[in-house]
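Per-chain numbering from 1; labels A, B, C, D and E assigned in written order.
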Amino acid sequence: MLGKGIVLGLAETARNFFGSFFYRARLTTVQFPEERLPQIEAARNFPFLVFDGADWQQGMRCVACQICEKECPPKCILIEKSKDKKPDATGKPQFYPAVFNIDVSVCMSCQICVEVCPFDAIKMDVDFELSTYDRFGGLLWDKQRLSKSNEHYHQIHPTEAAAVDAALAAEREKLAAKARAANAPPANAAPSTSAPATAEGQA
Amino acid sequence: MSPERSANMDVEMVRAALAAAVPGCQVEIIANSRPAAQHSLLVDAEHAVAIAEFLRDDAALRLDYCSNVTGIDWPMKDGGGYLEAVYHLYSMEKKHGPLVLRLRTLDRVAAVHLPSLAPVWRSAELQEREIFDLFGIQFDGHPDLRRLLMWEGFAGHPMRRDYVEPDDYEYEPTAHETVLQKAQQHQREAER
Amino acid sequence: MSGEFFLAAGLTVAGALAAMILRNLIHCVLALVAGFAGLAVIYLQLGAQFVGLAQIFVYAGAVAILAAFVILLTQGVEHRTRPAAVLDWVVGALLACGVFAMLAWAIAKSVQFLPQATQRPDAGVRAIGNAMLHQFVLPLEVVGLLLTAALIGAVLTAMRDEEAGA
Amino acid sequence: MTSMTTAELERQQAEMGFDDGASHLLEVSMGPQHPSTHGVFRMDVVLDGERIVKLKPVFGYLHRNHEKIAESETYLGSMPYTDRLDYLCSLTNNWGYALAVERLAGITVPERAEYLRVIVAELTRLQNHACLIGFLLQDMGASGTPLMYAFRERETILDLFESLTGARMMCNYLRFGGCRVDATPEWLRQAQQAVEAFPKFLDEYEQLLTGNEILVARTQGVGLLPKDMAVQAGITGPTLRASGINYDVRKVDGYGIYDRFAFRVPLGEHGDVFDRYMIRLLEMRESIAILRQALREIPAGPVQDARTKLRGFRPKPGEAYARIESPKGELGFYLVSDGSANPYRYRVRPPSLINLTVLEEMCLGRNVADVVVTLGSIDIVMGEVDR
Amino acid sequence: MSIFMLHLHAWIHALASSALGHALWMVVPVLVVFPALFAVTTLLERKGLGRIQNRYGPNRAGPWGLLQPMADAIKALTKEDVVPEAADRLVHFCAPVLMVLSAFLVYAVVPVSRTWVVAPLRAGVLFFFAAGSLMEIAVFMAGWSSRSQYSLLGAMRALAQMISYEIPLVLSAMVAVMAAGSLSMVEIVRRQAGYSGIWPHWFVLTPWGLAGFVLFLIAATAESNRSPFDLPEGESEIIAGYYIEYSGFKFALFFLAEYLGMFAISALGITLFLGGWSAPFAFLTWIPSWIWFFAKLLALIAGFIWIRGTLPRLRMDQLMRFAWEFLLPLTLCHLFVAGVWKFFPTGAARWLGCAGVLLAVYWLLGRRLEQSGGLARRTYHFAE
């Protein structure tokens, strides 16, 4: 009979209408600023540079190898290698980025920089409230803006960060063992290896 | 390699069939050494339509479905070279394929004409228009040969390998290095 | 004869004039609507509520809209019209005069038969219904037949058009 | 009428929006900002009343020359760009590209990765079809209710994508030789839950829509696509199968591991919008069947072929064409390598574009409202049409 | 109490007893209450649709989004008023004015409560339709004067639809007029205001009344361009129809007129079939009559919203076919049944007979409509 389908449809919408008052699960809306969804651990948004310890300049893991700059599909990373070297977290003298810019208005959050980085220096952040009135400068992030501590990394991606720290620690242990085997351990190398360990402890 | 249910066509057999069915046609096998082993048939432009009709209508082949049509630009160092149109054919009826057909133009400048296969396979219509638009191959016999993606009056064919992007955009300060350089240059010019 | 009457009459006449004079056919139709509305107001002033409202409902509402429809639909078809000739004007004027004379004669004559010109006639629904279904039932039927025939004719014409077009 | 000269009349007609030559025809530009052209798509339409006399699609408003960009990217660098082709189905796009590179270089994919690919691809199909039906009904004027229900369900699937790949829409998850990361048992359990909950939503959809007289009247006999025309024009995907052609690349090529799963291919008879709508509904039920099997049988193991070097990937010269059954139709990738780190030629066969080839034929003689519905039933995404 | 207040009191009394005072007393509430109802309805509609779609609906402007209509109004009033260059400026300007004018005019004859009716005309129902038909002219003016193809298409659609549905609308209203024996809306309500026991004499409680009410509602939905008959606006097809080229205040006027039209036609339906301001049960008559009127009005509005949240839109030719091949024969038959009802003796036989005839005709016409469209249930087969 004509109208049966329409009546069935009306019943369905009525069910949803009343259901939305009684079953919270029916209302999918998350009222954003007040309510937030639980953070999904694998989520990614824009890259940041990881540093160990307390000082972002001292502990920056990036050694300006420029692999991510080359591999970045939309070419939003700009790196200028430093002229001099300075000791990294392990105390080994390394180059560091004199300039490290990411234009997040160009970045497409693909995570390829993270995948290709051999030093675990660049990771994906989850912060998405980044609107700014200045669409030029405000979205062109320099290395200070990009630097986030390892603790932050542990906070947003705990499983991944723990794995990274474990791998780094193992590698350093191997290096240290090699160094010990080669010659007597120098006295000044010891304190710097402890930096990631403390970071891990805090996380 | 993932298991393949539909086997590639036996190009030798197809060539033999073509030689018998379309007298005077020149068909050359272009071998493909890659694991997928999708060898292709280079056919002459003159007999292309007859060949295409045979491939579509032959009871054993029935390549009734032209999946993909695309162009390739092969410039030479000396300024010569040619443009190529590639057709990937399948059969919806027999469920086999692909058979790869290639057509080449004589050069890249003036003799860029190829016969259109859109009357044989309608699915080539928009794709040939795209090739005309982006590569500049003139398809004779195409029902509606206009630019597809670029606008009317656009100069040049962007997918050619020697295409130079016109430097007429508004640049913004960005970390994108080449863009940044251009932007700075533009800014300097503007200040001057 | 009150100011209200002159207002309504003025509206009617102005609307009718504008409907003739304006060049844009759609403007003509809109002017015609104003004319119809003025006429309706006169009916209402005469106490003929039903007739007045029917005037708006049928003429201003439906007829004018149909006219507009027809203009929009047919303008494209017959766009080769010959320029206005003097003869047309003369014939038109003669026709208008004839119609006017006939109406004037009818009105002048009818006044004699009315018992009292000042008495308000009953133009209620019941009276109209009675008149239509008793006194004037034959004319009503004839008009109904005519309209039905016209309707069928219109449908046939439209159908033939469609066939020719298809 | 008699008081008007011909020239005046013509001027007036022009004023009133009528064309001079065939003056009862109306030229309308539908798009590019028309609300139901699914993006920046334009159709030059000539109307007789509301009947379509001519319809020419105009493309290119979203053109960014994806193929040219890919020629200057590494093989890995093109992967995130494929996300942006059909931005509703990034994972199937990934798969098509990965498959082409694997064919080009002869890479094998670990078992577990193949299963993960099937799972994410079928989840993609579910959410794409659900949304498409919502969009279709939106085009029919249903004030968004079916669309909102579809989005409600899509949300759970996007949450799954986010917790697996890190992103909701631009997943960039597949790699040639496998997948980027492995799925946790917890994720597989959640996926199982989502899949089990989905048929309930389909029932809801069917009750709301399928029997609805207005929907039936609006879709049956509209946008007819006969069998032979569909084949001739290279129409693919659900649109082709609604015309009654049994051609599903998952069955024909059996790419990936699709030949291990038992699923059926629903076929239409009439090739109208209603068939396309129903085929999508039925396909979703089949996808659920595939997902159940895949989630049950997924083995343990690595998810990435260890021998494949993603960075500095240089296949030997040659070419390969690979195609998959994306939710929109047959998505093909054609790669030509000259041995360098960038593809010499990179070509996408976009199902959305080619499915539009016969749009004019499907709409001629119909109503404006039918154009909108027909276009909606073809299922296009401008990101893929214009590339 | 101050002297001033006393004066004011006396002044109000004097005013209320004068003719002008009477007009103000009656007219001003109409001009205030119904636009206010419009504001409330826009909010309710959005909230209702939201809930149907598992959303909250507007809830940001003010507590529970109550200030949303205010925000909308401010937005509409502060927007730039754009008139297309090619537009016929005068007509373009007059269209929304005429639209709102005719929308307000119809309220003159609506009996909102026992005592509140602005103009108790003898031919009230006719006045309602006459004033409503001015809306068609306004629509035509808006669509034509904008000189946009979309708005012209929209206007043509709207006119064809309004003219087609006016016939079933008037015919279905006629049964109530026949039953009451009067064109006066006040009289029609009065006839329904009695009670047998606790049950009211509403026309809707008879088979022909119920059928008339349903038919009237269908035609009214079409007349007020509501979903699923919202083709003139059909935003997915012709974007916004005849008012596509209007913005700001003029657009708001169209919006207002549209909703006022919907309320008015609902009010007519209430008057004709649902007993106007009368209470549903004899023991509830102590509640003020206008409360019943507005309660019924809100219920009908809720129905409109519900339907809008569920149904897709018809196509133009289907809309026409529905009007001429289904609705018109059904209303004619229904008119006949209502006439028969009057001459048959009261009793169950009359009740069942009339209901049976109506249902049979409905079923037959419905079947014919489905068959002539070639619509059928389909089965699908699968390939392995």
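We adopt the following convention: contacts are C-beta pairs under 8 Å (C-beta built on N, C-alpha and C of every residue); 3 or more make two chains touch, one makes a residue touch a chain.
Not measured: the values here are computed from a predicted model.
*Asks:* When A-E is set beside B-D, which has more C-beta pairs in contact?
*Replies:* B-D
*Asks:* Please identify which chain has its centre, taken as the mean of its CA atoms, farthest from the centre of subunit D.
*Replies:* Chain centre farthest from subunit D's centre: C.
*Asks:* Of the chains present, which has its C-alpha mean closest to the combined C-alpha mean?
*Replies:* Here the chain at the core of the arrangement is D.
*Asks:* Please work out the Cα centroid separation of subunit A and subunit C, and write it as a whole number of Å.
*Replies:* Measuring from centre to centre gives 80 Å for this pair.
*Asks:* What's the distance between the Cα centroids of subunit B and subunit D, rounded to whole Å?
*Replies:* It comes to 23 Å between the two C-alpha centres.
*Asks:* Using Cα averages as centroids, what's the distance between subunit A and subunit D in whole Å?
*Replies:* 32
*Asks:* Cα centroid separation between subunit C and subunit E, in whole Å?
*Replies:* From the centre of subunit C to the centre of subunit E is 30 Å.
*Asks:* So which bits of subunit E are touching at least two other chains?
*Replies:* Only 52-55, 144, 152, 309-311, 370 qualify.
*Asks:* Which residues belonging to subunit D are in contact with no fewer than two other chains?
*Replies:* Residues 16, 145, 149, 152, 208, 212-216, 251 of subunit D each touch two or more of the other chains.
*Asks:* Going through subunit A residue by residue, note those that touch at least 2 other chains and give them in order.
*Replies:* 2-3, 6, 9, 12-13, 16, 28, in rising order.
*Asks:* Using the touch definition from the top, list the residues of subunit E that touch subunit D in their complex.
*Replies:* 49, 52-55, 86, 144, 147-150, 152-153, 157, 227-228, 230-231, 234-239, 308-318, 370, 373-376, 378, 380-384
*Asks:* Give every residue of subunit D touching subunit E within the complex, in rising order.
*Replies:* Where subunit D meets subunit E, its residues are 15-17, 26-28, 34-36, 47, 50, 137-145, 148-149, 152, 208, 212-218, 220-221, 246, 251, 264-270, 274-275, 278-279, 282, 367-370, 372.
*Asks:* Which bits of subunit B are touching subunit D when the two form their complex?
*Replies:* Going through subunit B, the ones touching subunit D are 1-6, 32-36, 38, 64-68, 70, 72, 86, 88, 92, 95, 98, 100, 121-127, 134, 147-151, 158-159, 161.
*Asks:* In the complex formed with subunit B, which residues of subunit D make contact?
*Replies:* 59-60, 63, 65, 67-68, 71, 99, 102-109, 114, 229, 231-235, 245, 247, 251-257, 259, 315-323, 330, 332, 334, 336-337, 344-345, 347, 349, 353-354, 356-358, 386-387
*Asks:* Would you tell me which residues of subunit E are touching subunit A in their complex?
*Replies:* Residue positions touching the partner: 48, 51-56, 59, 306-307, 309-311, 362-363, 365-367, 369-370.
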